[in-house]
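Only one structure is covered here, and it is reproduced in the block below.
The first chain written gets the first letter, and so on, giving A, B, C, D and E; residue counts start at 1 in each chain.
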Amino acid sequence: MDFLDIRFDMIWNYKELFIRGIWVTLGLTVIGYLGGIILGLFLGMGKLSKRKWIYYPCKYYVDFFRGTPLLVQILLIHLAVIPSIFGHSLGYFVSGATALLLNCGAYNAEIIRAGIQSIEKGQTEAARSLGMPSGVAMKNIILPQAFRRMVPPLGNELIALLKDSSLVTVIAANDLLYAGKVVAGAYSRFWEPYITVAILYLMLTFVFTKVIAYVEKRFSNSYVPSQRRRIFTFGRS
Amino acid sequence: MIKIEGLHKSFGQLEVLKGIDYEVKEKEIICVIGPSGSGKSTFLRCINLLEDITDGAVFINGLKVNDSGTNINEIRKDVGMVFQQFNLFPHMNVLNNITISPRKIRKMNPKEAEQLAVELLEKVGLADKAKSFPEQLSGGQMQRVAIARALAMQPKIMLFDEPTSALDPEMVKEVLDVMKQLAFEGMTMVVVTHEMGFAKEMGDRVLFMDEGKLVEEGTPDAIFNNSTNERTKAFLSMVL
Amino acid sequence: GDSDTASSEDGDSADGKTKLVVGTDATYAPMEYMDEDGNIVGIDIDIVEAIAEAADFEVEFKNIGWEPLFPAVDNEEVDFAVSSITITDERKESFDFTDPYYVANQVILVPEDTDITEYADLEDKRVSVQINTTGHIVVKELLGNTSADIVAAETMPFAIEEMLNENADAAVGDNSVVNEYIKNNPNVELKVIEDDSFEKEFYGLMVKQGNTEVMDLLNEGIQAIKDSGKLKEITGFDVE
Amino acid sequence: MDFLDIRFDMIWNYKELFIRGIWVTLGLTVIGYLGGIILGLFLGMGKLSKRKWIYYPCKYYVDFFRGTPLLVQILLIHLAVIPSIFGHSLGYFVSGATALLLNCGAYNAEIIRAGIQSIEKGQTEAARSLGMPSGVAMKNIILPQAFRRMVPPLGNELIALLKDSSLVTVIAANDLLYAGKVVAGAYSRFWEPYITVAILYLMLTFVFTKVIAYVEKRFSNSYVPSQRRRIFTFGRS
Amino acid sequence: MIKIEGLHKSFGQLEVLKGIDYEVKEKEIICVIGPSGSGKSTFLRCINLLEDITDGAVFINGLKVNDSGTNINEIRKDVGMVFQQFNLFPHMNVLNNITISPRKIRKMNPKEAEQLAVELLEKVGLADKAKSFPEQLSGGQMQRVAIARALAMQPKIMLFDEPTSALDPEMVKEVLDVMKQLAFEGMTMVVVTHEMGFAKEMGDRVLFMDEGKLVEEGTPDAIFNNSTNERTKAFLSMVL
């Protein structure tokens, strides 16, 4: 392949594939992430439970999903788990989103567990001594404080998930990397499509990083509202 | 009002409370003194079940606290607690710190809860701090908010665990003054304290604890001036 | 219709024609691949469309990927599969196949300066194939099931690239795909070796075992386009 | 596919592929990791440099490799970079190890930078005021202390790399996951091969976790040697 | 021995040293006093270039320190420095803390370096601590090791930046005693200190700094007892 003879026209010809790829990648990331936070919340709290029948399933779940490669999980879910449960595939998007969600949930569980554990015991005790049942104390007192400490690691997790979503390309999901693979296969040229894919991912991670930095700033330091800035201001402010 | 029978508490192998019997009557001010590690905090925390009770029983208003049939959250509504480290909720302003449990637990409507909070803040001398956040307050102010927060549940009993020992000396008085006012209003109180002045002045009874046991109890005069117990005398000679 | 669950019962289109969902792995130019607008196209696709027209049903293509294609047929996610699938005895154990619609044979693609002249020469060479295709199977027979000298790439273009990059001494694949590659890359110095020891292969449409309804419909269509000469028009040769 | 009719004999038939797969996975992980530590050391120190012509290349390198998916990097390196440089492929192992090494280097760079920055300024000042040139101070004073703080995150990175090494399967590397894919393709059965692969990865991560925990223990808390334990004792001790 | 000419130092916009001229002669003990933030530490740190010099010059033994042609590491061999926070190397035992720079910089062989270290440890009264690690020492012991470590490079000048202010009161004396011994042996010393007793007793000259300027300098008697400068008097009235 001649290094100097760069043909980005072939990217242009397939631009729709790339545009769809960006949407699929974003969709998988967002669904996997939001689902992963909800799942992680339950798993994380489960790992804090004193009841063994809650604790152990949560622990083994987290250990399994953190102990095996995401790629294996994607293949298992797409080719074995979903067909076994539903009798047929539900398509790459469902499989991909499910695998990312289940995986992300395991990582988020550890973040959420650590965040909850980082809140001083006195906060729970104060809440309980005011007569709050533990669920009420968790929801109103512990989680709002713990959430702040979770923001930075949850931000990292989002970036990681964005990049990991590229693995769904192995189950023929029409994500961003898949677009690159199709072009590479069609023209037997590799620099242009993969560099394009890399740049598009870089742009996505850049945007995500900026958003996360904003959110982190918003939730840093002080709880005093006057010291906080608004992230997005619409109209006059 | 509070009845404690044969209270034992162990942390693993370590026996911290070794059989305590006591009865607190309505409107009494009980001051608990004793050396560090003697189990004073543990004693207080067993009363509202912040620590599981290993053996024995605690009754509040005739209800057994450590009974699986008892709804501990119901009992805790009647028992306010104030901690050494204040334990205000840092993510809520003073008003919300005070109103959160009336709203969530007593299902008070927000307007009513706010009015109650404003009254309580006036009582503790912090009417102007309703919108402040804990991090904007001094230690003494935080502790007074903590007292107001506990009062917002309209408890019949208040437990204090060394409420002034995390405070700079110039802030101790403002907190003790609030506690005195509460005492005058007839609140039943159990106060673990190192402030012997407060115990002498306000205590109806003084309990001296050592090594997990209730060594001596009596009026402040009996304990501080006329004790014949060697351990009590040794302790008092150190702290007075 | 709901494209996720496919069957002839719920797949009827508005004008009353049966609509069948067809699974494929669109990475196998010229047989089936994605064009620049993301449409699934190719010789196989043209043939299926001709069959559909002849047997009066509608088709909708879904890109499933090679490996997932088999469970997809089994699970009735698709009604049948077209993806240059060679009819083999092994596959017939799990699936039903229509009458053959295409004849193919494996060819060996090698650099021009190679000393390889026939299939048997590959025995001590590194050979690239597309993973889990017929090419992979025939090479496994020669080199052994677990040989480290088989470079099993995800797609045929990638397998050829491995050979071009000297990561393999030869690539083995279907004549159609290899010829297409040579057509598109006239400057690359390669030669194609045909070998009689490769058995002729017949492509069939793959249907879930026992699904005679779809099977009959497809065979009817295939017969029709064979008779009308339409098939020869598309592929350039007859299938007996 | 019938869930109850499990056929692990097919795994047995392909056992050589799985055994080779374990070795390839381990080889890629170890080479990628050790290389990644050396590379990360240079990059991490480069990112601490005040000289812009050192700082910026290191920063952009790290940003690129942390901002794009490893899978894209593997494909780029195998299909574009190495063929462009050498005129031909050097095989999946070289490509895979290179990609893992370059990727791991970027992540380690951040760990190493943070570790070095966490050492109090007074340590450098004391060393410099004793007449040590900055290289000597870095090697003898800063790095040995920083290393201790890097042990936990570097341990996490090793586990992550072990799992990420499964991505080389897309360039037909004979790694552990590849073995699973070949078996899955040969029999059109997915539960057995992928569960086998998952279990083998779990075992590997388990072993790695234990080794890391030992190393962490060894380097935790105190510098006083009598309080430390030996990890491995050979013969009488 | 040390000559400082028009020394200016700014951190960004903040001008911390506003033109200082001074000369330290051989074997002199110079004590620098002044309020917090007046620039004492910065002054000391400029002497061995731990801070870049914004303007002016520092000469040590006639060599200009802030000159690109000067090898600062050579100069630092002659200038020992002791910090408030000790800055011992926590990962090395006391012996290695002391021998590391002779070995690495003076290329002394390990035996020789160890012998030197043992001598120095005897001098600072810690002969038995050679194998201890910093975390096993008290503050006063750590500071004495820090002094021994600086002496191991056989410097001609020693700079001390508040060497006793991070110490518990009972440990101050053991460190000051070591410093006094050094002074008796004729070491040139510049000591930033809050220990007015030490300054009075040991200082040949006392420098009073305020707001980045050298306000007054003279014998201890002149500064402590007979100063006519208002700022000096105000400062001394506060600290004495």
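Please note the rule applied: a residue touches a chain if its C-beta (ideal position, glycine included) is under 8 Å from a C-beta of that chain, and two chains touch if they have at least 3 such contacts.
Keep in mind that what you see is a predicted model, and the values were worked out from it rather than measured.
**Q** If each hop has to land on a touching chain, what is the smallest number of hops from chain A to chain B?
**A** Minimum number of steps from chain A to chain B: 1.
**Q** Taking each chain's centre as the mean of its C-alpha atoms, which one ends up farthest from the centre of chain D?
**A** B
**Q** Please compute the C-alpha centroid of chain B, do the same for chain E, then give the distance between them in whole Å.
**A** Going by mean C-alpha positions, chain B sits 53 Å from chain E.
**Q** Centroid of chain D to centroid of chain E, CA atoms only: how many Å?
**A** So the centroids are 46 Å from each other.
**Q** CA centre of chain C versus CA centre of chain D: separation in Å?
**A** From the centre of chain C to the centre of chain D is 39 Å.
**Q** Centroid from C-alpha atoms only, then distance chain B to chain C, rounded to Å. What do you get?
**A** That pair's centroid distance is 80 Å.
**Q** Show the residues in chain D shared as contacts by 2 or more other chains, in ascending order.
**A** In chain D, the residues touching two or more other chains are 1, 79, 83, 170, 181, 184, 190.
**Q** Can you pull out the residues of chain C that are in contact with at least two other chains?
**A** Those would be 67, 71, 74, 154, 158, 161.
**Q** How do the chains pair up in terms of touching? List each pair.
**A** So the chains that touch one another pair up as A-B, A-C, A-D, C-D, D-E.
**Q** Of all residues in chain D, which touch chain A in the complex?
**A** For chain D paired with chain A, touching residues are 1, 3, 63-64, 66-73, 75-76, 79-80, 83-84, 163-164, 166-167, 169-170, 177, 180-181, 184, 190-191, 194-195, 197-198, 201-202, 205-206.
**Q** If we count contacts the way the header does, which residues on chain A are in touch with chain C in the complex?
**A** So the residues of chain A in touch with chain C come to 13-14, 16-17, 20, 78-79, 83, 86-92, 170-172, 174, 181-182, 184-186, 188, 190.
**Q** Residue numbers of chain E touching chain D in their complex, please.
**A** For this pair, the touching residues of chain E are 48, 50, 73-74, 76-77, 79-81, 83, 85, 87-91, 100-101, 104-105, 133-136, 146, 149-150, 153.
**Q** For chain C, which residues are in contact with chain D within the complex?
**A** Touch residues, chain C against chain D: 67, 70-71, 74, 94, 128, 131-132, 136, 140, 145-146, 148, 151-154, 158, 161-162, 165-167.
**Q** Using the touch definition from the top, list the residues of chain C that touch chain A in their complex.
**A** 4-5, 25, 27, 29, 33-34, 36-38, 63-65, 67-68, 71-72, 74-77, 154-155, 157-158, 160-161, 181, 184-185
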